[in-house]
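Report on the structure given below.
Labels A, B and C are assigned to the chains in the order they are written; within every chain, residues are numbered from 1.
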Amino acid sequence: MAAMESDGRAYGREAGTWDPELVEVGPGTPSGELLRRYWHPVATSAEVTPRPREVRILGEDLVLYRDLSGTPGLLEPRCCHRGTTLYFGRVEDDGIRCPYHGWLFGADGTCLDQPCEPDRGLGRPGGRDRYRQPWYPVVEYNGLVFTYMGPADRQPVFPRYDIFEGLDPETEEIEIVDHFAFGGPSVAPCNWFQTHENVMDPYHVFILHVAISGPQFSPQLEIWPTINWQRHDHGISSTQDRPLPDGTVLHRVTEARIPTVRVIATPTLSVLGKTNNLSWALPIDDTTTRVFAMIRKPRGTEAQGMATYAGDKSWFELTEEEHQRFPGDYEAQVGQGAITRHSTERLATSDRGVSMVRRQFKEQVAVVAAGGDPIGVSFDEDEGPVPVLAGNYIVGPDTDLEEIPLSDTLRR
Amino acid sequence: MAAMESDGRAYGREAGTWDPELVEVGPGTPSGELLRRYWHPVATSAEVTPRPREVRILGEDLVLYRDLSGTPGLLEPRCCHRGTTLYFGRVEDDGIRCPYHGWLFGADGTCLDQPCEPDRGLGRPGGRDRYRQPWYPVVEYNGLVFTYMGPADRQPVFPRYDIFEGLDPETEEIEIVDHFAFGGPSVAPCNWFQTHENVMDPYHVFILHVAISGPQFSPQLEIWPTINWQRHDHGISSTQDRPLPDGTVLHRVTEARIPTVRVIATPTLSVLGKTNNLSWALPIDDTTTRVFAMIRKPRGTEAQGMATYAGDKSWFELTEEEHQRFPGDYEAQVGQGAITRHSTERLATSDRGVSMVRRQFKEQVAVVAAGGDPIGVSFDEDEGPVPVLAGNYIVGPDTDLEEIPLSDTLRR
Amino acid sequence: MAAMESDGRAYGREAGTWDPELVEVGPGTPSGELLRRYWHPVATSAEVTPRPREVRILGEDLVLYRDLSGTPGLLEPRCCHRGTTLYFGRVEDDGIRCPYHGWLFGADGTCLDQPCEPDRGLGRPGGRDRYRQPWYPVVEYNGLVFTYMGPADRQPVFPRYDIFEGLDPETEEIEIVDHFAFGGPSVAPCNWFQTHENVMDPYHVFILHVAISGPQFSPQLEIWPTINWQRHDHGISSTQDRPLPDGTVLHRVTEARIPTVRVIATPTLSVLGKTNNLSWALPIDDTTTRVFAMIRKPRGTEAQGMATYAGDKSWFELTEEEHQRFPGDYEAQVGQGAITRHSTERLATSDRGVSMVRRQFKEQVAVVAAGGDPIGVSFDEDEGPVPVLAGNYIVGPDTDLEEIPLSDTLRR
C-alpha cells in the first residue's frame, strides 16, 4: 500500500501562510510603511460632517469630522488628556472639544482651550501649547477626502489625475461610487491585496464573469484576446487586443498603479478612448477593504449601475444558494480567505500579471525599508496632473499608433 | 485563624486543565492521529448534493458535494491554484469547477481542466497532471457518508455491522436520526469525549434522567441494577442486570467502541435481544460534536422520537428556566464546559466505566504514536461484518447462557 | 522639511499601555489580591433565589443561589465530582444538588449526599467528607448580598456604615438602585478603575454635565467652587466650597473609599448634612463593571430617578447620534476604552484627585504584596459602624466648624 502515500490526499497537507510583505497594513510593518508613503481616500465628502465618525485606515482607529467652518479633521480618537474618545466630542467653529474636560483641538491637533486649567490653559509656562492631539493632514478632492499617514518629511504632493482635469461644470460632473470592485458591497472582509492583484488578472473575466455566472459585460469582451503585461514606473499594466469583425482591433488597456490604484477601461465599452474612471482600494485593516471609484461623466447621465445576478437581483438580494450559483468578484476574492495563503498557491502561466504586481510591490517595500522614496510619489508642487493610460482604443489601418498607449502590442 | 486556611473555600483553587490525549482532535495531535485511523461519518446522504457544503471534521475545514453522476467528493476548500473556496464552485458531471479560473477537479483531486492555460492545461510538460486538489476518500453506507482522514497506507477496510446486514427491503428500513445523544440538538458545543464516556456511565441515568428530571424511559429501568464493566478488543462494555418480578433477569448490555461508536440497548425496551441501532460521535472540532444514529426497524414504523420535557415540550421549546429545571444529557455534558477539566475531577467508585474508557483510549493513542495499528481496524477485505453485543436480554431458567453476550455476570 | 518631523502628527505615535496594578482584577494579580481583602457586593437580595444564577466577580465565574431555607450560597460552578455546572443544579432545603450524579452541597461546600456511591457516600473511610465544593462566604446587608473572596485567615469583619444605622422602619427605608454611576445602565463595558477615579474628578461635572450636555443637576452646582482634595486612611476625599448669595458657604464633601466605595453628596441638594447614600463598584472582570448604590430615604418617597437627556429621554431611548450629542458618564468613561491606556495620558492640574486615588491604591497593592493588611479593613468584631464624611453642608457665621467634616478648607 506504500504507493498510496503519494496519492495526493489531504492528510498531512500544509496549512499555508501568507507573505507578510504583501498583506500587512499596520504601522511599523514593512508593507504598512510603504502604504504610508502615499495619500489614501478616507471617506466620501458627504460622509464628513460635524457629527464625528469613527474610521479605521491602515489598521489605525481615527476620528473624522468637519468643523463648522468646513475644514475636515482626522485625529487620534483618544483625547491626549485623559483618553476619552473624541467620537463623543462636540464640533465647534474651529475644532472638536472633548466632552469629559472640554479640551478643544484644531484639525492640526493644536490645543485651543483647556477650560478647567488655570486661565484656560494659558496660566502656566508653555501653557496649552505643550499639548497636541495626534493628527493627520487631510485633502479634499472631487468628492473624496484623502489623508497622508506617513512621516512628515516624506509627505508627497497630492496627485491629481489628468482624466479629471479641465472639467466643464456646465456639461460634466464627477460621481463617487463604491460598488465597482466587489459587485455590490463597498467593503469586503478580505485583505486589500486580493482585490488589487485581481486587476492584473484578465483571465478570470472569461471564467468568473462569463462562463460561470453568465455574460455580465459587453459581448465583444467574450472574444478571447491576446493578453500582455507591462511594467512601468507607476505600476503594472495589461493590454488585451481583440480583432473585431470590421477589421479593427479593440486595444484595451488596464492599470494597477502603485500602491492601491486601479484604472480600468469601462467594461461596457460605453466609453472609448482614455477611460473616465479611477479607483482606490483602501486597506481598512489586514482583513477589511473598501474600494472608492471616481467617475467623470456627462452631467445628468447615470454612472455604471450596480451589477445584477440571477435575473435582476442585486447582490444584496441573493440567497446564499444564489451566491453559490452566481459568484462574482466578492465571492472569488473573499473566498480566498480573510488573508489568502500564498504558500499553498500554484501559479500558472495565466497568472503572470499577478506575479508582476507582487514582485514590484515587494521591491518598493524594500526601497522604503532601506530609507528610500518609492515610485509614484512626487515632491514637486509644480508637476502637472498624473497621466493615465487605461482605455478602450479602437485601432484601424489609419490610426496613428503613436497616439495609442502601449501600442507595441499592436506592431507585428 | 490559621485553621481556616483549610476550610475548602474557593480562594486560590486550581483553574484546572484537560488531558490533551483524550480531547484533542486536530491534525498532528496524538489523539487526533488515533481518530484519523478510523472511518468517520461526515453527513447524511441527503445532505450531500450538487450544492457544495462546508463541513468541519476533526478540526479540518472541507467542502463536500455530490457530482452530477452521483459520486460524493470531499476536498480541501481552497483551490490549489489561487485559493478561492470551492464552496462557490460549480458541480459538473465528474467533479467541481473553481469559479475564479475554472480549474475542474474530480473526487480524487485530479485536475480535469484548466481552461485559461495553454491547450486547457495539456500544453506544457506534465500538464495539468502536476496539480491535484487535496482530497479524502468517501464511502456511502446506509444513508450516511463516511470518510477516512488518515495516512493512505493505513487505510482500513470500511466496517459494516452485523445488525444492519441482511435487511429485507420489503419489510425493513434503516433510518438516520441525530437527536439521540443530546436529547434534542444533533450538535453540541462541547468536546466529543464528554459524550463518549457518558455511554459507560450508567449511574447518571438514575439521577439525571429519573430523580432530577422525572422518569424518561421504561419503568423497568428504574430498578437499581447490578452494574459491571468489561474491557474488550473493540472498546468497553457495561452490563446491567435487573431481577424482574416474574423471576427472569433483564440483562442489559451497552458498548462504547473504539474510537467513537456507541451501541445502546433501546431504553424503551421496545426491542429485546440484540439492539437495532448504533451511533457515531463526530468530533467536528475540539469543542463541537455531532452524533449520528443509525436505526434498523420495521418499514413504516416510527424510530424512537425526540425526548420531551416539562410536560410535552421539545428541548427546543424550553425556556432557559425550564432547561435549568429539566436538565438532560445536553445540559449535563455541555455543562461540563467546552472541554471539561480533568485535573479538578474527583472520580468515585461509580465512575469505574469512565476510567476504563479513558485508559483504553490513551493506550491506543500510544500505540499509534509508536507507529502501530490501533485496535478495531481491519485490513482484510474478506472479513465479514462486525458483530455487536449490545441488547436487552431476558434471561430465564431455560435460557442457554452461551447465547447471551457477557453472560458471566449472570453465573453465580 | 525636517522641521515637520515634530509637528505632532499621529505617525509613529505610541499605542499606549495601562498600569496593571490599577486595573487587573483576576486572582493572583497584585491589584486583584488587594481587591480580595475586602467584601464586595455580588447581587441584590432579590436576584438571589432558588433558581441558580451565573455571576462573574473579580474575573471568577461562580454560581449564586438561595436554598429553600433562605440561606444564600456562592459556589464554584463546576461540580467537584465530574465538572457539570451547578447552574443546572436543583436547589433543596439545605443546599444545591448536581444534576448529573446527584451530589448535594451546602453553602459552605460540604458534601451532604452522594446517591450513587456506597451507602450514599458514607460507605468508605472518610466518606463524602473528603469532598468539598469550593465556596465563598456570603453576607446579606440591607438588600445586597456580599462576599469575601480572599484568604480565609485575612477575612475582615463585614463593614456596616453609620448612615444606614438606626433605621426607623416605620418612617424610613433603604433602596438599592443601580443607575447612578453610568447615568442609565448598571453595567458598563470598561474597567472599574475608570469609574472609581471619576469620583475624585469634580471638574468633569462642569464640562460633561453642564457645558456639553446641558445642566443636569442643581443650579447651585453651576457656581465654580474652590476645590481641594484630602488623603485619609479610608481613601481620598474632595471638598468643593461655593459661596452662596445669602452669605453662607455650600461645603460639599465627596469620598472615594478604598477599595471600590464611593460616597457622594446628593447632586440635587435634596439632602443637606451627611449624605444618604453609598455605592460600590463591582469589578466583574477587567473590562466589565457594575455599580450598586444603597440609599436611605423616607418611606414611600422616590429615590433619585434615572437621568434624562435630549428632552425627556432615558439613556436607553437615545439614538446613537443623541449619545454623541448628549454624552454622560457612560460615554465619557466607556469612551476611554475597555481599559484606558495610562501611558498616553497627559495629566494636568485639575487631575490632582485622580493622581491621589491612583497613588494610594498602588501603595495598598504593595502592602498586600508584602504580606501586610491594607487600610480600611478591621478584624475587631466589636468595632462600631464605619463613619462617612460626605455631604452637603451649609456653613454660616454661626456654624460650629468642629461639627463639619473637612472644615479646614473653610478656615482662611
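In the analysis below, a residue touches a chain if its C-beta (ideal position, glycine included) is under 8 Å from a C-beta of that chain, and two chains touch if they have at least 3 such contacts.
Values in this document were obtained by computation on a predicted structure and should not be read as measured data.
K.L.:
State the superposition rotation angle between the two copies chain A and chain C, fitting on C-alpha atoms only and giving a multiple of 5 degrees from 0 to 180.
P.N.:
Angle of the fitting rotation, chain A to chain C: 120 degrees.
K.L.:
With over half of the numbers shared counting as same, classify the chain A/chain B interface as same or different.
P.N.:
different
K.L.:
Suppose each chain is reduced to the average of its Cα coordinates; what separation in Å results between chain A and chain B?
P.N.:
Those two chain centres are 48 Å apart.
K.L.:
Multi-chain contacts in chain C: which residues touch at least two other chains?
P.N.:
Not one residue of chain C touches more than one other chain, so the list is empty.
K.L.:
Could you list, by residue number, the parts of chain C that touch chain B in their complex?
P.N.:
Contacts found on chain C: 27, 36, 51-52, 60, 62, 75-76, 78, 80-85, 87-88, 90, 97, 99-102, 108-110, 114-118, 124, 131-137, 149-155.
K.L.:
Under the definition above, what is the set of chain A residues touching chain B in their complex?
P.N.:
Chain A residues touching chain B: 1-2, 4-5, 7-13, 16, 203-204, 206-208, 211-213, 321, 323-325, 327, 331-333, 335-337, 340-341, 344-351, 354.
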